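You will see subunit A twice below: alongside subunit B first, and alongside subunit C after that.
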Partner chain A sequence: MSSQDDVATDPVRSQRTPETSTLRERVLEWADSEVFKGAISLGPVLILLTVFYAVPVALLLIYSIFVEDPFASGLTFEHFGRFVDVSAITSLQFSELSYVRLLGRSIGIAVIVTVLSLVISYPITYYLGQHAPERWKIALVMLVIIPFWTSYLIRTYAWIPILSNNGFINSALTTMGLPSLPLLNNYVGSIIGLVYVFVPFTILPLYASMEGLDSSLIEAARDLGASRWEAFREVVFPLTLPGALAGGVFVFIKTAAAYVTPSLLGGTSGRMYAQVIETQFGTAFNWNFGAALAVILVVVVLGTIWIAMRWGIDVKGSRGLGGGGL
Partner chain B sequence: MTSTLHVDSVTKDFGSVRAVEDVSFTVDEGKFVTLLGPSGCGKTTTLRMIAGFETPTEGRVRLGDHDITTEEPYLRPTSMVFQNYALFPHKTVGENVGFGLKMRDVPPDERSDRVAKMLDLIELPGIEDRGIDELSGGQQQRVALARALITEPEVLLLDEPLGALDLKLRKNMQVELKNLQEELGITFVYVTHDQEEALTMSDEIIILNEGEIEQRGTPTEIYESPRTRFVADFIGDTNLLDGTYVENGGGNGNAAAVECGSVDVPIDSLSAAADGQSLSVSIRPEKIALGDGAGNGNENAVTLRGEVEDVIYQGNVAKVHVTIDGTELVLEQQVIDTVNLPTPGSECTISWDQENTNVLTG
Partner chain C sequence: MSVTDSIRDRVRSDSDPNDGAGSGLKLATVLTYLFLYGPILVVVLMSFDAGRYGLRWDFTTEWYASLATRSDLIDSLWLSIQIGIVVMIISTVLAVVAAFGLSRFDWPKRKGPIATYLIFVPLTLPIIIYGIGLFVFFTQLGIGRGFLPIVVGHVLYTLPFATLVVGAGVIDLDRTLEEAAMDLGADPLTTFREVTLPALMPNILAAALFSFTLSFDEFLISFFVSGGGAVPLPVRIWGMVRADIEPEVYAISVVVLLISIAIAAMATRLRRF
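Take a look at the complex of A and B:
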């Protein structure tokens, strides 16, 4: 057999020709292959994601394009049409586009909450990552995490007596002879509540970035003539941008779809898009329209993030993010 | 106006730890001075106080007549080259080198001209657009140097800048750095724990130990005439003998001697030492000769008889370990002919010029 000779003279090739190897060798070789290893390690996650995420999202998509019951009624885009009311656009009655306006407000609130969370997180994480004594670091990071030990709902309720018209803040203002501020049952209440809930989610990734930032880079910038602000702008900010984006994207996604906080603290002017989706599913029993609204939210949020990431990668001086791949 | 750097009685405490204790020195303009010492000796802290990254607990730092003790780092006419280079990873070589100029609001055109000139100086022309991660260690080192020099500092501070390079590159860079310093005439304050580096490059060396200055001098003075036990031990190899001081030592007509166990090392009479005081002496191995060669017509020769314990051949030199009644001395011999190396166990005579005996007072 000539192939036998080949195997004998070419040890490399003998490993690569399964047709000449025994079953056991073939099984072992397959078990050692990248495909098998990949399937073993990714498999559980893939199954989990498929069952709990891909299937529901697919169901939403299906509901959104049927008149009523999926596959039992006709295909339609009327639900999307109800969101983007073409007749209202053509007649320039933009105030009629209530769903679009609500989505716009939700995205706007999400942007404000994200920016505020980052603005609050930067000084905290700069201190934690660069200046906090080593032995205090873990304790201080724990302080950031401790609020998670209590229910999100309870913590949000706790804001009501702080923000209400005769609550803690306004009582203090009135005592000092200052006019009271409308902080509850409007978008201010939503924003305060959301920032409070989501600040830890920007602090943690930003802290990881700050912790990894070589302090001698800041010193070098200062040594070369940079003021504190210039050192932040030229060195700290671009090098921690990956952490800021990671936290920011998370907060943005969660906030754009926020439901509990605006329900409790937002009132009418703080009303957000997810509340309308809930109304369609829960009160109006119009699952098809609710699904369409949800699909639109997902698309808009992903689109916004995609634009933000492109921008983040292109920001001058954020080369460190170049391999972001988004 | 001359800009002599003055470090006056500087002390630095970190909490309860005293990193630097009452350190004073001056560095004349255009000199290359090295702060040398083992890790934790306070050399980097001293450098960082000159740079402005640390504020002294006590004492002042002055440059000429200008007190810079508490001045912000970015206002000082000093530049630092960091141990890990601290190049900005998100900026190109050109942006890194030009950073100091940008911060001084130098217009972009002038900036790029000066960056190009600086890259010529470090012999890496035309690499402005490269990323830092595309450079080798040696190239990064040069770029870090260029970035620090472009602002034309009066004093350049270097914190073990060659520590991360391999031996051969390090040796080349030592010579280049020294040449550059002489060419530019800028004061260099260099921190290292590598004694060979310090001896090669410095005009003067300041040896620090546990936050205090042990000795200051030219490389020759430091090597040939160490004044303390620490310096003798830290710089190069040496024979350190601990003993007691005796006037009219050994009755051999010497002015004095240090009795080190079985060996009496004759020295000049010391006015500062009392009879019976503990003293150490240091004799460099290469100063000791086999045979009574050093005593040839030299009345200052110290000659001892002993037994060859061991011979360690190291290529160009051989280390010969000799015991004199239980006291071991190491001498270093040029290997010209391997046949002439002594054999272990044989009797021998060793000698050195008494001038090469260093009495260590601290």
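Take a look at the complex of A and C:
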């Protein structure tokens, strides 16, 4: 941020400063100006964000369009071409499009996880927002927030002893004489783990909507003969939808880029897109292709946010509740 | 609650006994809490279990005893605490400065919203993208992996949260207090030190605690930029889980959970939203 240019081009300020004022007065007035104060207070943070956030992310964009070392080799789109693989499309060999399919599967899992998170969030938030005793409310909401601030890595691997073939669920099933279920190292494991990690992201904004909902509206609907379900469908659901969508968008973009959960619980059929990006940097050492895959993921995420904002979803409303990482 | 309200409530509950929370709703709420806390409970149970998996459970404290001999885990725990403290200090100071910048000044035209967006971009982009970008960035600089890249990554990761928490306090702050202090002859610096800062203390402390616990538990950024002897605890735990779960992992995880739950509980109490 160049505060000096702002001041020089600010017509109001140049009018206000009489020509006769001394340099000292001008400096003092400038130091008191909003622009200067803003630059001093936000400048360091914005510089830090540019150097240590924007530049590293932009580096990936640069890597994605060079053959090898940036600026030392030629520009190319081959890395993006490897992702799309036009020859596979023209020869109708869609099974060859492994990266596109992987991205598609990640988006599919993200949709399922988002829907499940919302389904789980409705009853608890309806109870907390409308029925919970006033004196317990704060404690109950805090109970939702606290796991959110603890290690998601630990909370994710905790599902291994629950879901594995000789884990809690399957041991219980076999002792009851039932067949065991494949819950770990497949997409079921990924979905369970992701819903678990991300459900607070839908619970909290939805709770805010439920809490703000005027309960006399529900009473009125009930008095007019609506059943419990009709009152929910016609009154509660439409009025809390903004909160639900804000949380849902957040869960979707976080899940589409999930790495930890599918790595620990997903096996082959639960493998997700972010894992193949990591592979390019961790073991395949193809930074340029990895960077191209990363750029595609960023486009998906930003595209989702853009569409959500165009639909009037208050994406920002869900962000402040952050935490939990990923 | 007014008298009419309470009468109406009584009338309602007489005329329609079903109108409280349905038992199905209560059951669903209980189950959701079970879902949220079940896995945490499992980690605690497993840390005291002599066997592995399954329904048989034999109490033991041997995994906690053997933690004392795992110098790799203790070194990583200590490193994570050190990183957390450094990140906490840097992030909180920057958050206070940025929170004032964001909420106090009348920005010319659209600069305010733009600055807000810039600060909150790190909350929207996938962390894995940032971790990889930071890894490439520090490799290009010739610094490679280690303590400094981890601290940088964690500062940028925690800053938006810390700024939000402090910012909420700045917006709530009663400006007449500051004006009164100025009218009574205090210079801006004294006013800030004696009036503004004490009023904001709960938020600043909450931001500091959140920054610490976010950094302490952060895995994905550390995963890409740690190495060269600097391996934070979550990366160490990841290695233990990936190879084949060693039983000590549950015991060290309980230590981690206790630290972060204690800090999160404190911070949540402090926060005024």
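Keep this in mind: the second predicted complex is superposed on the first by the 245 of 326 C-alpha atoms of A that agree within 3 Å, B and C clash if a C-alpha of one lies under 4 Å from a C-alpha of the other, contacts with A are read in each partner's own complex, and residues count from 1 in each chain.
Everything below uses one rule, namely that contacts are C-beta pairs under 8 Å (C-beta built on N, C-alpha and C of every residue); 3 or more make two chains touch, one makes a residue touch a chain.
If you're wondering where the values come from, they're calculated on a predicted model, not measured in any experiment.
By the touch criterion defined above, A:Asp214 reaches subunit B but does not reach subunit C. Counting the residues of subunit A that each partner touches, subunit B and subunit C differ, and the larger count belongs to C.
Touch criterion not met for A:Phe198: it reaches neither subunit B nor subunit C.
In the overlay built on the shared chain, the residue A:Tyr126 is in contact with subunit C alone; subunit B does not reach it. In the superposed model, A:Arg222 lies in contact with both subunit B and subunit C. In the superposed model, A:Glu234 lies in contact with subunit B only, and not with subunit C. Common to the subunit B and subunit C interfaces on subunit A are residues 219, 222, 319-320. Of all the residues in subunit B, the ones that touch subunit A in their complex are 51-53, 72-74, 78-80, 82-84, 86-91, 99-100, 103-104, 131, 147-148, 151. Contact residues on subunit A toward subunit B in their complex (touch as defined above): 214, 216-217, 219-227, 230, 234-235, 238-239, 317-320.
The touching residues of subunit A, when paired with subunit C in their complex, are 6, 10, 34-35, 37-38, 40-42, 44-46, 48-49, 52-53, 55-60, 63, 120, 123-124, 126-128, 130-131, 142-155, 157-162, 164, 166-168, 171-172, 175, 196, 199-200, 203, 219, 222, 228, 253-254, 256-257, 259-260, 263-264, 274, 277-278, 281, 287, 290-291, 294, 297-298, 301-302, 305, 315-316, 319-320, 322-323, 325-326.
Residue ranges of subunit C in contact with subunit A, taken from their complex: 12, 16, 18-22, 24-26, 28-29, 32-33, 35-40, 42-43, 46, 53-55, 94, 97-98, 100-102, 104-108, 111, 115, 118-130, 132-137, 140, 152-153, 155-157, 159-161, 163-164, 210, 213-214, 217-220, 224, 234, 237-238, 241-242, 245, 249, 253, 256-257, 260-261, 263-265, 267-268.
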